[in-house]
Amino acid sequence: MDALHILIELTLMPLVAFVVGLFMVLMMRRIAARIQRRVGPPLLQPLYDILKLYGKQTQISHGILHDIGIIMAVGGYIAAETMLPVPGMNGIADKAGLITLAYVLMVPSLGLALGVGQCANPNGSIGISRALTAMLAYDIPFVIVIFGVAWQAGSNNLVDIIALQQVDGIASWGIVQTPLLAFAGLFALHAILGKHPFEIYIAPAEIATGPMVEMGGKYLGGLFVMQCFQLYTAGVIYTSLFLGGGENWLTFLVKSFAVVAVPICIAYLFPRFRTEDVVRLVWKWPVMLGLIGIAFVMN
Amino acid sequence: MTPLDYLLLLSLLTVVIALVAGHRSMGGVWLTFTYAAQLGGLMLMAGLTNQPDVITSSLSFTILGQSLTWRYDALSWYFALITISAGLLSTMYTAGDWGEKFRADGGNLWLLHVAIALNVLSMLILLGSGDLLTLFIGWELVSWASFLLMILAGGPSIQAAIRYITYAMGGAMAILAGLALIYGHTDSFTYPAAANILHSLSTAHLWAPLLLLTLGFGVKMALLPLHLWQAAAYAHTPGPGAAFLGAISSRMGLYALIVVLIQLVGLVRVIELPVLFSFISARDVLAWVAAFTIIFPTFTALRQNDARMLLAWHGIGQGGYMLLGLVMGDALGSAGGLMHVFNHATYQAALFFSVAAVVYRTGTADLNRLGGLVARMPLSFLAMLVGIIGLAGLPPMNGFVSKWLVYRSLMLEGEPLLFVAAVVGTLGTILSVYKLIHNMFLGQLRVEHENIREAPWSMTAPMLILSVVVFVTGLMPGLVLQWIAGIQATVGLPVIDYSLGGLDSAQGSLDMLWVVGVLFAGFGIGAVLFYSGGRTHRVHQLDNYAGGHFLSADIRYHYSDNFYPGLMRLIGPLYRYSFAWLESAVQSGLGLLSLSTQGFYRRVAPANYALVTAVLVLLWVML
Amino acid sequence: MIKDIPIIAEQAQQPRRTNPLAHVFDELMNFARSRSLFMLHYCTGCGAIELPPAMTSRFDMERLGIQPMVTPRQADILLVTGYVSIKTLKRIILTYEQMGSPKHVIGICSCTVNGGMYWQSYATAKKLDEYLPVDLYIAGCMPRPEAVISGLQKLIDNIKHGKSDNWKDYYQRYDHYLGNQQHLFGNNWQTPTDVIGEAREYGLFGPQTLGQHTELLESVQKPLQPLEMKL
Amino acid sequence: MNQIVLIVVLPLLAAFLVPIVARMSASLGAALGPLVMGVCLWITGTVAIESAGNAFAINIGGFMPPLGITFFVDRLALLFAFLTALLVLVLWPFQGEHRPREHALTLILAAASGGLALSGDLFNIYVFYELVSVASFGLVATGRRSSAPAIRYLILSGFGSVLALVGIALVYTQTGTLNLAHLSQLAPTHLINPIGLAAFALILLGVGVKAELFPVNTWVPEVYATAPNRVSALLAGLVSKLAALVILRLLVLVFAQEQALLVMLLLGLLGVITGELAAWRAQDMNRMLAYSSIGQLGMVFVAFSIPGETGVFAGLAIALHHLVVKPALFLLAARWGGALSGLAGAAGGNLPAALLFTLFALSLVGVPPLPGFWAKLLLVMGLAEQVGPLYHFALAGILIATVVEANYLFRIVSTLFHRDSPASPAPQKHSGGDIATAGLFGASLIAAVLLLIPLSQSLKTIAQQTADAAAYRAVVTLAPTTSTLGDTQ
């Protein structure tokens, strides 16, 4: 693989992720609307939002870290996208395994947390405190799932894991081989997306969207971009771990969208949990299922 | 004269200079140069890292029929490198304005210099120990040298130091008992003899010395449940002293454990050694002790409201990763554990330096009395930022690499629960380091801190140097891994197959050059995206949305106290007083015994039982 | 009834753009702006009750790209839904100044137009546009959701055609607005937002930005300087 | 070489002369005692050089053993004789005061101690022991607050003497002799039985009163706390060691049996544990040092219970170390009486004293490379070599006690160096003499570190010679008229 090739891949992968992510955001909002018997936003609504926010004439900054926070949040995801193999492109997935990916995915959160901290808004800090607690909650089933899958595949490399699942069709998919892990993963995925009932850290009515309270203009725009990446990442990771990745672009997109659709369909049916209830719930069921799943895998 | 002699002499010279000139205003500068000279002396032995070789000292005694020898190998070299560097940077930090202020505030600068120099010397002696007796002697020297460092501040540090020395003496006596057991079998304290006898001992007989030695050395490592002393003792030591202790002091325990567990007993034996009446092995026990050492102190750190205490608690928790990696025994895990020693030293010292800089300027490390300092002390903030990313083990800093190695090893060894425990520790660390940086540097700047300035260069330079090291070794972990590979070859562990960017082997691949490169490319794109948006206008911190409320400078709205209320409500009660309870139970039990023995000496009419004894003896004779 | 406030903002003295693409870009941005409006509904009075039906399944604002937001930083439209007491007005002004421009103020209900049934009250601000540059009034007591939607659509049209620039007026005639505010709130009235500084920074400085009232403001209390990093 | 007898005779003589001389010239009276002790020191030194380490026996008045009074002079005896003279000289009580009576008592103590070190038969040992007791009662009673403790000490010591006498009588009924060498010959046949053991136990308890042996040491804290500190220093430093020396001689020569060792081990261990534990909660420094002294002596007994040369070596090392450290600590405690909390910041008033205290505390705890460590190491090595759970148990007990000891000693060290509130009154300053003397002990401790290797070798030689019962017999029975009394019985 020559340098040019990999450079192209590294450029294309985040771009694809962004475009796909835009549509995932749209899907999310449309599903929410349909569940509430509304029409929902038009096709390009996510793009309009981002364009408008970037085009705001006055932009309020609370200091350099406020800016850096957004840069890290977006940049971290851009980096993470290059570690997620898509059909035909592996990026640097083979140079950084699943663990690295999991930890690179924490960089945007930390960056955002820094930016929010600089804003000196107590609501923002409260939101971050809740978000980090939630992260503590959902990352545990997430790493259990990662462990189980990596053990099953004998590798922590996503490329290998996908290849192994594509050996003989659906029968070799992770969701068939390790259904418990797959379920725990889906649960964790839901919490990772931070949708109801796990959105205590946003809590618009109480803490004014928490971390986003001082984010306007391109800051909020950056977060919208990040949301695209986040949905894409969640979908693709799950697809790669349990649904055999993408044989081609079509199946890849179908699977990814389907994965993201599941938690969103559930999400708008719920009110929200308190922080400790989130922790309690996530540490109980998905962790238990995941551990049982690992017990099956390891025997 | 061997290079080792030069090194020890230089270190001794440092102590002498500290004794003679420690109170002078230029004393710190001279000491900095002597530490640099020590580092140079150490570099003379840099060849050690490439081949499993040994440099002996011409210093040796024969006493009580035992010969005492000192020698350095790759392992000693590696630890000595960290020790001397920590001493160098701490002294550099002390040499300038910090020391002046410390003295002006009534601190004993001379004693601080002497104590750090003594610590370095005693650690170098310990690291060079060539047999069990010198190991013990070095161990005691290190213990008491750190006691000196801990106690010199007075005030609350005294209680902590006394607690430390009690634990340390307990540990030392356990070690002595373990050594006595080995000596009872061999009549010798040499490593080969001890290794021989430990190899030939049966399972039941191996347990006693193994347990005693691990307990004893574990005290210094602050392994659970012997960890209660450490945080307060380190945190209350004056700034650079705390950085020095936090960076290296408790790692001496790890060094000794490596000597015992790997070089003497052999890790293979530990892995096989079954726990009686159970189905787990000694390795599992150690690994779980390490895992709990990761989890509990980390979450205790989360509760701290003093920045130094928070860091010190993390120091304990991070020690768990080192041991956990090490007892996995494979190339990756042990490399991770060993590398974490270096990594931890670098970021921990940077963090303590940064906190000390804040204390220097604001006079407090109370996390509820600070905030917003990033606008006033950006360099300290930068050092802390790099430090906490390292401590939390996130890319691109070096802490990530060593933790990655440990995780990967746990995955390969098939230890899901330990893996989860390690990750829980990391997540807890992320939570608490965010609290640290948020409460100190982010958020609202208090009115009384409006006009403070960045710490002087003598203080920012060491922490920035460390930050650069943290980043560079994160970018190119191969720089450190080459030393690790040398150690692994020396002590008989499987050797890691490293490359400059990490490792590229069958067990897993990690190329930090790529990861960091892509991460920074991502940041670059993020920055381009960001700055292509509209121009920004900087606003005052009081221009903040508070539900339409008008904020004013006299209102404290920085969210700092009880930072993770939800989590604390849930898991707070689980670990709150459990270990303190254990300690106080021992203490009050001892107190009861003490009172009753005093009662014996005070109240019981002595003549009576002397008589009774005599009569009994006579009766015995008659019958 | 929807009362369309005439554009009172003077065009800032910007150099004429010669690049045709810039024009296209401006059109695109205006379009995106018009299709994506985040509103902050400042529920001052009874009019707020008509907003939920406008948002939910029956009328569904979201299909117009209008979403509720909860902080002024994120919002484009400030909906003032009812009578504005003097105490409330302070908050409204604070909130308005914290919004990022382009920003729009919509007065809903008669009370915002002329005080409505509270016109006699000593504690109520009668005309909202004396204190803030209102883009649009939606009169009625209360206007029904249809009227609200219709008003918002009017605003969308205005934005799309670049005709809704009243927010610039606040910068360009800040002295005027500040004078009215000071008249109501007293001479030591001050918000944390540095409007004059913003006007300077974004080139929105007009001939009437500064005046006797801003002088009074600066004499009472200097605007808060942002915390710049110091080495 | 017979002039060694003078170290008993001269002080005794001087003791009677002191009051008389003091009446004639006060200054001469005051100088007489130290002068005599200096002479004794010189005599012991010359004898040590002349004898070149070879043991020899002196039969006083020419009566041959087992009938006459035998002085047995080997390295150990000379060492203790030397240390007696040295310590009495260094710790000469009541400096600067003209108190002839006390001077006389001290001289008697010195004479009796020399006698204890040299005596080669049980009866003389008993006599000298009683003499030591009498002298020490007198000295203890000179303290202003010490009348009640002195009486307690008197009663206990009296009981002890009776018990010891009964024990000696038992031994005599069994063997018909009191000469140690002779007893040593007869012991395997006559004393390896319950009666022998009982005799040992009785003598042990009797002599143990002075040696601070476990159940009969209840006088220790009160007496040390109330007696003048130099007297406490002498008692803790010197007298207890001499009593231990007697026990050692008996153990090596006469009662070398397993049960005896076991009794020693148990009592010693109990002493260690109770002493250190009690010291942990002690409220003033003198009592704490007293308890600590009990613990240290307990360690000596534990060491003696290790059979063979190892035990003697370890025990002697600990005893000698304690002999250097404890008197110095008592001297430092002289002005640091009262509640321990009152010592806060005392180092500010007297830094050398505080530093010396720290040094001694470090050595007492056993921090390498100070001598205390090596002594403790010897004990640990000795115990480790023994098989049997009891020895390992003793090892554990001693190590735990050390931890406790470290805790309380360093609590005091930290109190000395740090004052909690500046309002608390600073304790009194030490007298120059006390500091100088303690400094001397400190210097010898440091010197011992530097001379560790030769010192350990010579101590090992002493231990070898001491532990060799056959050699002892050989020296004494060289006399031509070796009695056959043992055989005739």
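Observations on the structure shown:
For reference, chains read A, B, C and D in written order, and residue numbers begin at 1 within each chain.
Criterion: contacts are C-beta pairs under 8 Å (C-beta built on N, C-alpha and C of every residue); 3 or more make two chains touch, one makes a residue touch a chain.
Given the structure is predicted, the values throughout are model-derived calculations rather than measurements.
Of the two chain pairs shown, A-C and A-B, the one joined by more C-beta contacts is A-B. Chain A and chain D have Cα centroids lying 78 Å from one another. Chain centres here are Cα averages; for chain A and chain B they lie 35 Å apart. A straight line joining the Cα centres of chain C and chain D is 97 Å long. Of all residues in chain C, those touching 2 or more other chains are 71-73, 98, 198, 202, 226-227, 229, listed in ascending order. Shared contact sites, meaning residues of chain D that touch two or more other chains, are absent.
For chain B, residues that reach two or more other chains under the stated contact definition are 372, 374-375, 445, 535, 537-539, 541, 543-545. The set of touching chain pairs reads A-B, A-C, B-C, B-D, using the touch definition from the header.
Looking at the complex, you find that chain B touches chain A at residues 371-372, 374-375, 385, 389, 392-395, 400, 404, 407-408, 411, 414, 416-417, 419-420, 423-424, 427-428, 430-431, 434-435, 437-438, 441-445, 508-511, 514-515, 518-527, 529-530, 532-539, 541, 543-547, 557-559, 563-567, 569-571. Every residue of chain A that touches chain B in the complex is listed here, in rising order: 10, 14, 54-63, 65, 67, 70-80, 82-83, 92, 94-97, 99-100, 103-104, 106-107, 110, 113-114, 117-123, 125-126, 128-130, 132-133, 135-136, 139-140, 143-144, 147-148, 150-151, 155-157, 208, 213-214, 217-218, 221-222, 225, 274-276, 278-280, 291, 294, 298.
In the complex of the two chains, the chain A residues touching chain C come out as 29, 33, 36-42, 44-45, 47-49, 51-53, 55-60, 63-64, 204-205, 208-209, 212-217, 219-220.
Against chain D, the residues of chain B that register as touching in their complex are 61-64, 133, 136-137, 140-141, 144, 147, 151, 154-155, 158, 161-162, 165-166, 169-170, 173-174, 176-177, 179-181, 183-184, 187, 590-591, 593-595, 597-598, 600-602, 604, 606-607, 609-611, 613-614, 617-618, 620-621. If you check the complex, the residues on chain D that touch chain B are 152, 155-156, 159-160, 162-163, 166, 170, 194-195, 198, 201-202, 205, 215-222, 273-275, 277-278, 280-282, 291, 362, 365, 367-369, 373-374, 377-378, 380-381, 383-386, 395-396, 399-400, 402-404, 406-407, 410-411, 414, 417-418, 452-453, 456.
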